[in-house]
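See below for the structure under consideration.
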Amino acid sequence: MVGLSVGEQHFVKGGIAQDLRTDGRKRLAYRPIYVETGVIPQANGSARVKIGGTDVIASVKAEIGRPSSLQPDKGKVAVFIDCSPTAEPTFGGRGGEELSSELALALQRCLLGGKSGAGAGINLSSLLIKEGKVCWDLYIDGLVISSDGNLLDALGAAIKAALTNTAIPKVNVSAEVADDEQPEIDISDEEYLQFDTSSVPVIVTLTKVGAHYIVDATAEEESQMSSAVSISVNRVGHICGLTKRGGSGLDPSVILDMISVAKHVTEALMSKLDSEISAAEACEDES
Amino acid sequence: MEVDREDGRTPNQLRPLACSRNILHRPHGSASWSQGDTKVLAAVYGPKAGTKKNENAEKACFEVIWKPKTGQIGKVEKEYEMILKRTIQSICVLTVNPNTTTSVIIQVVHDDGSLLPCAINAACAALVDAGIPMKHLAVAICCCLADNGYVVLDPNKLEEKKMTALAYLVFPNTTLSVLPEGSSVAEGEPVEHGIITSVTHGVMSVDDYFLCVENGRAATASLSAFFRKNFQQSQRDSSKAG
Amino acid sequence: MSTEVSTSPTSLIGQTVVPGDVVLDLSNMTNQTIKLGSGLRQDNDAISAMRAGKFRFSKPNKYWVESSHKRYIPRPEDTVLGIVVDSKSDNFWVDIKGPQLALLPVLAFEGGTRRNIPKFEVGTLLYVRVVKTNTGMNPEVSCTDASGKAAGFGPLKDGFMFETSTGLSRMLLSSPTCPVLEALGKKLSFETAFGLNGRVWVHAASPRVVIIVANALMNSETLSGTQQRIMVEKLLEKISE
Amino acid sequence: MAAKPGAATPTYSPKLVGRSRLPVFKDSDLDWSRPDGRGFHQCRPALLQTGAVSSASGSAYAEFGNTKVIVSVFGPRESKKAMTYSDVGRLNCNVSYTTFASPTLGQGTDHKEYSSMLHKALEGVIMMETFPKTTVDVFALVLESGGSDLSVVISCASLALADAGIMMYDLITAVSVSCIGKSLMIDPVIEEEGCEDGSFMMTCMPSRYEITQLTVTGEWTTPNINEAMQLCLDACSKLGEIMRDCLKQAASPSDE
Amino acid sequence: MGLPDSSQVLSTEMEVDAFRRIFPLRFFERHLSESLRPDARPLGKARDTIVNLGLVSTADGSALAKIGSTTMLAAIRMEVMTPSADSPDEGSIALEFHMPPICSPTVRPGRPADAAPVISKRLSDTILSSGMIDLKELCLVSGKAAWMGYLDIYCLDADGALFDAALLAAVAAFSNLQIPVVALNDNGRIVAITGGKDQDNASIIEKKAVNKEKRKLTLNNIPFSLTCILHKNYILADPTTEEETIMDTLVTVVLDSSDHMVSFYKSGGTVLASSSAIKSCVELARTRAKELKQILGEMDID
């Protein structure tokens, strides 16, 4: 992590208290966001998101699979995150594993919704090809290339962009077969289906430093945090997921306050992301 | 004889024994031991410095690794490892080399019944070969109880399957002693008649168990003599020159 | 030699014993002081063997079990060949084939002071004397004799080292000179060092001689005196052809 | 000997697992009741007991309806050799399930996700600086899973820590709420969890009135969140009282 | 061991707890010479034993056995399998003994205890060879379907005599076992008949129920076990963990209800078992078996 001297620590904290952070931002201002889609041609969809010094790539790969016996009417989605040693030398070997699984878990919570499927960013039923027999398995891989704080928000945005970029081939299933046989499938290489990503939520992390909280914290600022709350909000303003990090406790009213601030921030962030993504998509189409 | 054995042995007759020591170059001690077609190789490394966690560092520790003829090790092998380890620990002098670990590796070459006793005998020979300080030797024998109540020693695999019950018994070897006869007696019987290890399979009456113990004990004399002869031979080989 | 197992022999001296055999009964020898060597342990009045080997007695009062092993258990005053495996500010760590590494204090050299600490690379072969073997501690070795003189101890340069059993090295060190050495010594000129831990070092002007000597020594373990002489003669004949 | 075919033979349970789900609750029928007959805002009766495992430094057993959990605390004891020096203590958590914990789950396994969540819930409340260089191990075994497993494990763990005499700022209590349709139900059972639209789990320090952990999944409106939080806070403080009583009871016989 | 004299001198002025830690063996031998153990038991007496049945609602049969502090939870789940060709009308039992990290300070997560697979093997050997269960009773449709009983035993608290407690829990779990009523459906699979709730199903299946009478297993020759410690000439029944670590010679005798020997297990240990010691152990086990039989009998009232 970032090693700061006592003087620097005071400077960071003091700046936040006065609503002027070290890089000149206000407490609730984001760093510039840069989105690029289609960065990995082999994947069904991919995107790269840079927020300041944080740089992540997300890719979506779709494979034909079998629905689980517990949920025969749904496809499956798995999220994996890899923290590359290029971001932080300590991520080498097994060092990044803990952070990776923590991020993957938080993203899974935000994207997949409740057990019944309510609030899911990805409609699992739309991944079904034939009940109990064939479905799409979606593998979402996130890669952290460079880390300067706020990884969860960046990954969330990258996955949203990658899903928008995703095209899944159309599949035709042969007619009825016996109960215990696998039907034949025919994957079309011309027709593609696009995902409806309007319901994919965006994630906002509010980091508490001193008595105030900030969005889009840099690594320096994160090192001074007492706790952080990540909230994912969808287009209609419903909360789809929430996780808290950091050991210290928070007063219930503070959390409620954070939630309402987060909702406010996401509105701006959502439209910003939307325009960035469509610009990136357009850019890719041209090239 | 009342019991007919497939290979024409009498009930108390063991299969031919064979043992050769110092057969492997790398280990500090090694031996191969066979009883009929059952054959086991044992290798000893150590003592090496240090003990594992959870082990008593004030004593010498042993670890046993069982390599089956084929396949992976399962629960049976784990149980054998534990029995061998505890048996070895009870016959070795643990206070001479404190805070050391000695590894015993058992490789099954062929299993035709009485595998565990065979492995214990092989391990014992290998430990002697490595010069590990021991209180005494251990001789192991398998006793089988046939349907008609007779006890059969050192069964092969076929006999093991047919038996109602069997007992693997380990005794101390018959030793030479300059002490006057009868001086090492505890509660009316010589100390060396005590059982080091006993593992049984199948249901039998308590009296039948004692019958097994008695028959098994009788066989230890010939096994002990075989051990002694084997050591004398190799001793002759190596120390003639001196 | 191949005495039948009888339950109560009168004396086992010179015989092969196996672990557990009771070799001495102290209750019969109350007014004697005896010294017990390796392979024996005391259990009240009974002295029993804990290794297999030949039970030996040497006048006036030493008893031990003679056996040959690949592993060495250090005993004070043994001379052994060690290999340096690490060097620290106060000690060298030396492998002497025992359960633990041995410590060689950097001052344990003739006239050793803080100013003239020798430098040994890892892998250096040393001829050393075992000083202390306390249980629970690493054994300590020294490059001086009891009076503090070098007396031939120290690093062995050049030459060839090979590992044998403790029995063979004891045989080679025995007096009168072992027949195989005698026979070789008549025809060839070479230098040797035997460690009781089963390591043997041979040095000669030409590698040829080193190889001949090393082979002859390794072959001699299981041979009688006469056999050894014949073996050496045959070997030398073959080489000179 | 009677050699068994072993576990290699494939087997199946005659009980139909997949289809025995609860009928989905409609918003319209308001008169349906919860599987165990509780009110929506009523917790299951909690049975708590300390000192369940004699060989541990501290332990506790918790039974909330069908959810049965044992937590053992070992230490503070020597850290693993590979660990470097640290002037604060370490906390090591592990949650595992028995093979028969739930009717659906095949085999008992370590639950990595719960292990790390238990760790996060506890680390803020333990005074780590009181046991430098050493580790406190908190191991939980879910004997039977009957819903709200993680919150029961967390509450039980804090009780076990108190039983072990590990210094803490406060007890930790954890409560979950499920959202099905428009209704919120506290302390859900496993059937309710299976068809919930959203889940909400909160751990808090009842005396300090602070939230240490909060996880929300599914879709929630702000008023729902407010309500759930209030429900949890109330339940937490009640649970805190029960835990306090349990500890007092355990301590009182020794005073006499 | 090596310092009997110093311990003697020190013991007069040392606190009992300190003496117990520093000279554990002396501490115990002092007790043994008075024929008493530190927990106030006579040498041959086992600790208080409690058995509770049917605690796990997700299992078909379960039991909790407690011997002193040693606690075992056993649960059986019944599943259906196709029997092997050489025994078409026999079911099967798969037994697993677990030592989760909660039970003892020596077990760490990720590294299973060495003792667990060994006890597991001994338990399944004992139960299968004792003939307590007739595997033929587990048959449903000859050659087609039979029960596979998954018996899992969890050690919740390890304080010595693990095998005894585990065996007791296993036996009690079998006595608690309620085999579900099942029927053969059209696809050749066995399905459970779930009470009266599913009305539409029940009427069809009523006539086809395969195992109406076979809801419980008949248990003959129930095995009971007692572990003893041999130390010098003393025999201590039902040892605690502390006693097991200080004195290392353990003997486990398993007798069945008709007084036959199912197992005599001793692996190593410094003390050799003489014939008289074996006889005493068997005698102690006999008394213990009667005690346990009574405890189990009280349970079986339902």
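Going by the order they are written in, the chains are A, B, C, D and E; count residues from 1 in each one.
The definition used in the following text is that a residue touches a chain if its C-beta (ideal position, glycine included) is under 8 Å from a C-beta of that chain, and two chains touch if they have at least 3 such contacts.
Bear in mind that the values here come from a model prediction, so they are computed numbers and not experimental data.
*Asks:* Hide chain D: connected chain groups?
*Replies:* Chain D out, touching clusters read A | B, C, E.
*Asks:* Touching both chain B and chain D, which chains are there?
*Replies:* Both-contact set = E.
*Asks:* Compute the centre of every chain as the mean of its C-alpha atoms, then state which one is farthest from the centre of chain D.
*Replies:* It is C whose centre lies farthest from that of chain D.
*Asks:* Quick check on this structure: which chain has its C-alpha centroid closest to the centroid of all protein C-alpha atoms?
*Replies:* Per-chain C-alpha centroids compared to the overall one single out E.
*Asks:* Using mean Cα positions as chain centres, tell me which chain lies farthest from chain B.
*Replies:* Computed centres place A farthest from chain B.
*Asks:* Starting from the mean Cα coordinates of chain A and chain B, work out the distance between those two points in Å.
*Replies:* Averaging C-alpha atoms per chain gives centres 63 Å apart.
*Asks:* Just curious, how far off is chain E from chain C if you go by their C-alpha centres, in Å?
*Replies:* Distance between chain centres: 54 Å.
*Asks:* With chain centres taken as the means of their Cα atoms, state the distance from chain D to chain E in Å.
*Replies:* 29
*Asks:* Between chain B and chain C, tell me the centre distance in angstrom, where each centre is the average of that chain's C-alpha atoms.
*Replies:* Computed value for the inter-centroid distance: 31 Å.
*Asks:* Spell out, as numbers or ranges, the residues of chain C touching 2 or more other chains.
*Replies:* Touching at least two other chains: none.
*Asks:* Tell me, which residues of chain D touch at least two other chains?
*Replies:* 1
*Asks:* If a residue has to touch 2 or more other chains to count, which residues of chain B qualify?
*Replies:* 91, 172, 201-202
*Asks:* Give the list of chain E residues in touch with chain D in this complex.
*Replies:* Residues in contact with chain D: 56-59, 62, 69, 71, 73, 75, 77-82, 84, 92-94, 96, 98, 100-105, 108-110, 124-125, 128-129, 148, 150, 152, 154, 156-159, 180, 182, 189-192, 194, 241.
*Asks:* Within their complex, state which residues of chain D touch chain E.
*Replies:* Counting only chain D, the residues touching chain E are 1-2, 4-7, 9-16, 52-56, 59, 66, 70-72, 74, 77, 94, 96, 98-103, 108, 110, 137, 139-141, 143-145.
*Asks:* Any idea which chain C residues touch chain B in the complex?
*Replies:* That would be residues 1-2, 5-12, 16-25, 39, 41, 46, 48, 50-54, 66-71, 73, 99-101, 135-136, 165, 167, 170-171, 174, 178-179, 220-225, 227-228 of chain C.
*Asks:* Sort out for me which residues of chain B touch chain C in the complex.
*Replies:* So the residues of chain B touching chain C come out as 27-29, 46-49, 58, 91, 93, 95-100, 128-131, 133-137, 172-181, 221, 224-225, 227-229, 231-232, 235-242.
*Asks:* Can you tell me which positions in chain B touch chain E when the two form their complex?
*Replies:* 54, 75-76, 78-79, 82-83, 85-91, 167, 172, 186-189, 191-206, 208-210, 213
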